[in-house]
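Shared between the two complexes below is chain A, which pairs with chain B and chain C, respectively.
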Partner chain A sequence: MNAPARREIWREIRLPGVQLSGAATVAMLVVAVVVNSALQPNFWNSYALTSNFATFVPLVAIAVGQTVVVLSGGLDLSLGAQVTLAGVVAVQIVDGRLDRIPLAVAAALGVGLACGALNGLVVALLRLQPIVATFATGFVFSGLALVVLPTPGGSVPVEVTTAYRDAVLGVPVALLAILGLALLWWVLRRHRVLRHIYAVGGDADAAYASLVPVTRTRVQAYVLGGLFAALAALAILANTGSGDPFVGNELTLASVAAVVIGGTALTGGRGGAGGSILGAVVLALVTNIVFFADVPTTYRQLVNGAVIIVALALAGIPALQKSPASRKRRPVA
Partner chain B sequence: MSAPSLEAPRRVLAWRPGPVALAGAVAVALVIAGEIVSPGFAGYGQLVNLMRVAAFLGVIAIGQTIVIIAGGGGVDLSVGKVATFAAIIGSRVMAGEDGDLVPAVALALLVSAAIGLVNGLGVTLLRIPPFVMTLGMIGVVQGLILAYTGGRASGQAAPALTSLVNGRVIFDLPGLLFLWLLLGLLAVWLLRRTTFGWNLFAVGANRTAAELTGVRVNRTLILAYVLSATFAGLAGILLLGYTESVFLDLADQYMLPSVAAVVIGGTLLAGGVGGYAGTAVGAIVLTVLSGLLTTLDIGGAGRTVVNGVVLLVLLSLYGRQRRLRS
Partner chain C sequence: MPRPSRGWRAAAAAGAVAVLLAACSSGDGGSGGSGGPGDRPYTIGLSNGFVGSEWRTQMVEGLEAAFAEYQKEGVVDELVVESADTDVNGQIQQIRNLINRDVDAIIVNPNSETALDAVFREATQQGVKVFAIDQAVTSKDVTNVVIDQAEWARTSAEWLAEKVGRGGDIVVVNGIAGHPANDMRWNAAKEVFTKAGVNVLTVADGNWDQATGQQVMTNLLATYPDIDGVWTQDGMAEGVFRAVQAAGRLDRITISGEARVGFMRLWNEARADGFESIGVVNPPGGAVSALHMAVNVLDGRKLATATAATATAGGNGNTVHIPIPFTVDETTFDQHWGKVSGESAAYSLDGSLTRAKAAEFFE
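This part shows the complex of A and B:
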C-alpha cells in the first residue's frame, strides 16, 4: 500500500520535459570528472588523458555490446569470455608481425561473430534463460581460450601499441576509438536491426504480432554483442601488447554495471549505448578517483564498491517515477 | 517439487517427468558414466566425498532458491562473497578456540544478514534490479574483506566446528551431510509450511496480485534477501569447518553455480514456481559432473569446455522458456 504513495512523491519532483535517465548519467560523469581533475594533479595533461582513455576503451566497447543484448531483453554473461577468446586468437595469429594484422582483426571479429551466434542460437532457438545459458557458454569460450593460449604471452607489433597511445592533432587515438564506437552505435541505431531489437526487448509478444522476426532479432543482438566484445579484445591487445587467457573475466559484470549506470533498463527495450559509454567512463573514473584520493590501500576496494552502489542507485531513480503500468514483471532476461 | 499453486494448466504436460526426477536421473546417469570410464567412481567413499562437496553448494543454493522464487528478476550474486566473508570473520573470531565458536558463528551470521538486509533495501526501496544490486554488493563485500583482513586472512577453525563438519557419524558419513539434510528440511519447511513461504510464492507468481491481497510484498522480499545472505554465511562457516583455514576467495566460485543448481532443479527464474528439493538435486548434479570431469584426464581447458556444454544440455532438458506462439 505504501508503494504507490512513494511513487507519487517521485512524480512530484519530476522535472517537466527532461529525460532524467540521461541527465542522471551525465551528472555523474560531470561530478566524476570534476572530482578526478581536482584530485589528480595532471589530469588534463595530454599524457594522463591518453593513458586514461587507453584503459577506458575495452570497457566502453564491451558495454556497448552488452547494451545491445540487454535492449533485446537478454543478458550476456559470456561477453568477458568472448573478449578473452577473441584476444588470444588474434594474438596467436598476429604473432608480432605487422603484415598479419588485418588477418588477426578479421579472426577476432570472426570469433565474436561465432560466439554471438552460438549464444543467440542457445537463447533464441533453444529458448534457454539467458542468464544461465550465457553463463554456460562462457565456460565453453574461456575453456577454448585456454586451449588456444594456455599461459599469458604472445606479442603484438610494437607499432600497434605505440599508435594506440599516440594522438592525432592533439586528440588521443583512444578517445577517437571511443568516439568511433559512439558513431558505430549512432549508425546502428538508425538501422532496422536495432529498431527490431528495441521492439523485441520492449514486448516480445507485441513484436511477434507485428511481424518482427523475433528469433532472428534475438540472434542478431547476441551477434552484435559478440562483435563489440571482439573490438574490446583488440583494444586490450593494443593497450597491453600481449595476450592473456584470463583477461576478460572481470569485464562481464562491469559491463552490466556500466549499462545500468547508463540508464538502460535490464528488462529490455529502454535505453541506449550512449548512456552505457558514459557509464563505462564513470566506472573507470571512480577507480581512478579512489586511487588518487589517498584512500588507504586496504579500503580502496570498499570505497570503490560503495561509490558504485550509489551510482547504480542514482541511475535507478528515474525508473522509480515510471507509472505502475509500465513496470513489467520479467525474468532477469 | 512444484509450487503449491498455479500448477493446474500444466497438467496437460503431466506425461513429462518433473524437473526433480529428471535432474535426479541425470545425476544417476552421470554416476554410472563415471563408473564406466573410471571404475571406482561410484564407490561408497567416493560418493560420500562428492556429496560432501555438493553440500556447500547445496546450502548456498538454499538462499538462492528463496530469492529466485521471489521473482521480479530476483537473484543473489553476492552469495559467494558473503560466504567467504562469513568464513573469514568466523575464523578470525574463533581463532581455533572452541570457547569462541558460538560468538564467532553468531557474529558471522549477523554480518551476513546485515549484508542481505542492505541488498533487500536496495532492491525494494531504491528499486535497483536485484542482479545489479547484488552485483554491486560483490564489490562492497570484497572491499569489506580487504579492509577487515588487510589482505591477509588469519585465524583458524575451532576444533569443535571441524569435528562437527568432518567427523564421521553413522555409516561413516561426515556430519556435514546431516547438517545439509537438516538445513534442507528447514528450507522445505520454510518454503511450504510457513506464512513467509506462501507469501514468497504469491509475490513471485504475481507481485501486484499479492500486494492487492494484503501480502506485505516489500517485507517478504527483504526477508528473502536476508535469508539468502544468512544461508550463504552459514555455508561459509561450514566451508571453514571443512578447510580449517581460510583464503580470501574461499567461496567465491559458488556464485553462478548456485544459480545453475536452482535452475537445473526446476525453479523458474521468472519466480513463483519451484522448491528446494530440486535445487539440492541440482547441486548434486553439478558436483558429480565436475567430479566426473576431474576423473577424466582431459586437462583444465577441456574440462571447462565440457562443463559448459553439459550444463547447456542439462538446461535444455528443462530450463526452456515458453514459445512465443503458445
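This part shows the complex of A and C:
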C-alpha cells in the first residue's frame, strides 16, 4: 500500500470525532477566557497576560508530549518525573552561568530523550502495561532527581528569567514559546514518524500488516514524549529561576487531562496536539477562575477538580455521539 | 469529505492570536499596586505554600484577627488568602494571582529561599510591597520580617551547655539537613557547644516531626548509652522526651525543649521529679508583625536608619529581625502554662510586635 492511500485510511478513522470535540475544546476555551476576564478586571493588561502565558508554557509542552504518546496508543505517567529530572540536571549544569546554557539545554534534552527511550523499551519491547510501567519508571526518575539535587536550590542566570518575562514587539516571549511548540508539532505532524504513530495507535495490527515498524514507532512516541518533557523542564526553569526536585510531579495528571479536554482519544490514533494545547490553557484558566471567583482556599482544590471533571465530560460527549458513526464508516474505507 | 471546521478552527485560532497581540501591545504596563503612599484602604495578600502544620494554621488565623482590627479602622479593606499545599511553581502562581488581584502588599511564607526571586521582582515592578516571614529570602525586592534563627537556637543551646557543663556529652536531633532555617540554627548552636567545651557525639535528622524525632532518639539512646543531654529544635521535643522517658533516663539526660503545648504538658508532669527544660518561642505571630510593618510602609514611612543598619548587619541588607517574644523556663513556666494549658498539643506559644513596637522600626 502506498503512503497516500494509508493517509486516506487514518483520515477516515480519525476525523469524525476530532472535528466536533475540537469545536468543544475551542468553545470551552472561549467560555474560560470570557469568565476569567469577567472575574479578573486586569485580565487583558500586559502584566496579567505575560504572567498567565508564563504559567501556561510548561503545561502546554508536557501536554504536547503526552499527546504524542497517547496517539501511539500508550500513556506516560512518568512525564512529570521526567520534567523534574531534566530540570534538576539542567540547573546543576548551568549553575547560574550564562555561558553554560547551551550545555544545560543539551543535557536536559538528552535526559528527556533517554527517559523516553527507557519507557519505550519497557513498554514496546518488554510489553509491559504502559500505565504500570511508566508509573514505575516515574519513581526511578523522581528518585534520580533527588540524587542529583537533594534539596531545592541552584540558580538560572537572571538574564534567562528576565527574558522569559519579556515581550518582543509587544508579544510576550512565553506566548512565542507556545506558538513555537505549536509550530514544532505542525512540523512533526508532517513527518513520517507521526503518521506511523497515528497508524499504530489507530490499529496496531493493520499498521503491522501495512509494514509500519510497530515496535520502533512506539519507542519513538515515548522518546518524543520525553523530548517535550525536557522542553517543559526548561520552561519551568526559566519561570522559577531555580531547581526543585519535586517540581514536575503535579504535571503528569494535568497533561493527561489536557489531552482529553483537547479531544484526543485515550484509545490512541485519533486527535492532535492542537487541541491539547488549548486544553492545557483551559486547565490553567480554570485554576485562575477558581481563584478570582473568591472560592476559599480550603474548597479550591475541590472546586478545581469538579470543574475539570465537567470539562473532561464535555470533551467526551462529541466523541460518544460520533463513535457509532465512525464504526459505520470503517467498512466503507 | 468536506472539512469546514478545519478552516473555522484556523480562523478562530488566528482571531484569538490577533486579539491577544492587540491586547499585549495596548497593555498599559500594569496597573497593579496602589497609586501612591497613603492611599488607604489597602488590600493585603497572604501566600502560604504549606498547610500541614498547626503552626501555619495559627499563623493564618492570627493574621486574620489582626487584619480585622485594621479593617474596622478603615486602614485596610480586604485580605486575600492564598493558602494551600503547593510546590514552588504553585507558589509562584499564588503570588501572580495576588499581583493580578491588585493587592498593595503581599505577606509570604516562602517555600524556597531563592526560587521565588523572579516572581518577587514581578511584584515589585507592579508596585506591590513584599514581606517574607518565617523564612528569609535572598531577593532584594523583599523585606524579610523574621526572628533571628541563630539567636533562637543560641538561647536553648546556651542553656543546655550550662546544664551539662564542660566536657558533657550530648547528641543532636535536627530538622532537615540542608534546609536554610535548620542550617542557620545548627551553625549557631554548634558554635555555642564548641565554645562551652560540650562534646557533640552525633547529629541526626528528625524532619521536624514528633514521630520521626522519637524514632531517631530511640536509636540514638541505644547507640550512645552515656549521654548527658540532647539538643533538639522545633516540633520534635515531645518525641525526644517520650524516647528518653521510655528508656527511663529522664533523670540523667537533659533535654532542650520547645514552647509548644504538647511538650509543655509532658514537662509539667515531669516537673515533680525535678525535670527541667527550656522552650524558646518561634512565633506564628510573625505574620501579624509583618502586617504592622506593611501598613507602615504603605503609609509611606521609611525604615529608621538604625533599623536599616541592623538589617544590613543581619546579612542581605533586606532583613528586619523582630525580637523573640519570650522564653519559657523554670522561673516562668507556671505563668505561661496557666494561659495555654487548655490548647491542643500542637499549639505554639505566640507573640507578635505591637503596633507601637512596629512603628519604632520606622522614622
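The definition used in the following text is that the second predicted complex is superposed on the first by the 304 of 333 C-alpha atoms of A that agree within 3 Å, B and C clash if a C-alpha of one lies under 4 Å from a C-alpha of the other, contacts with A are read in each partner's own complex, and residues count from 1 in each chain.
In this text, contacts are C-beta pairs under 8 Å (C-beta built on N, C-alpha and C of every residue); 3 or more make two chains touch, one makes a residue touch a chain.
Keep in mind it's a predicted model, so treat the numbers as computed, not measured.
> Once chain A of both complexes is superposed, is A:V171 in touch with chain B (first), chain C (second), both, or neither?
After superposition on chain A, A:V171 lies in contact with chain C alone.
> With the two complexes superposed on chain A, say which partner A:Y299 touches: chain B (first), chain C (second), both, or neither.
A:Y299 contacts chain B only, not chain C.
> Between chain B (first) and chain C (second), which, if any, makes contact with A:L312: first, second, both or neither?
Touch status of A:L312: first partner only.
> Touching A:L126, do we find chain B (first), chain C (second), both, or neither?
first
> Determine, under the contact definition given at the top, whether A:N288 touches first (chain B), second (chain C), both, or neither.
In the superposition, A:N288 contacts chain C only.
> Now for A:V256: first (chain B), second (chain C), both, or neither, which partner does it touch?
After superposition on chain A, A:V256 lies in contact with chain B alone.
> Have a look at where A:L144 lands relative to chain B and chain C in the superposition and call it first, second, both or neither.
first
> Looking at the overlay, does A:A204 come into contact with chain B only (first), chain C only (second), both, or neither?
After superposing on A, A:A204 lies in contact with chain B but is clear of chain C.
> Scan A:A136 for contacts with chain B and chain C and give back first, second, both or neither.
Touch status of A:A136: first partner only.
> In the superposed view, which residues of chain A touch chain B and also chain C?
Shared contact residues on chain A: 150, 297, 300-301.
> Please name which positions on chain A make contact with chain C in the complex.
My answer: residues 12, 15, 19-20, 22-23, 26, 29, 40-52, 55, 58, 150-153, 155, 158, 161-162, 165, 167, 169-172, 175, 179, 236, 239-244, 246-247, 249-250, 274, 287-288, 291-292, 296-297, 300-301.
> Okay, in this complex, where on chain A does chain B touch?
Answer in residue numbers: 1, 3, 75, 77, 122, 126-129, 131-133, 135-144, 146-147, 150, 204-205, 208, 214, 253, 256-257, 260, 266-267, 297-306, 308-309, 312-313, 316-317, 319-320, 324, 329-333.
> Note which residues of chain B are touching chain A in the complex, please.
71-73, 75, 77, 122, 126-133, 135-144, 146-147, 149-151, 206-208, 211, 217-218, 256, 259-260, 263, 268-271, 300-309, 311-312, 315-316, 319-325
> Mind pulling up the chain C residues that touch chain A in the complex?
Within the complex, chain C contacts chain A at residues 1, 3, 5-6, 8-9, 12-13, 16-17, 20-21, 23-25, 27-32, 81-84, 87-90, 92-93, 96-97, 99-102, 111-112, 114-118, 122, 125-126, 176, 178-179.
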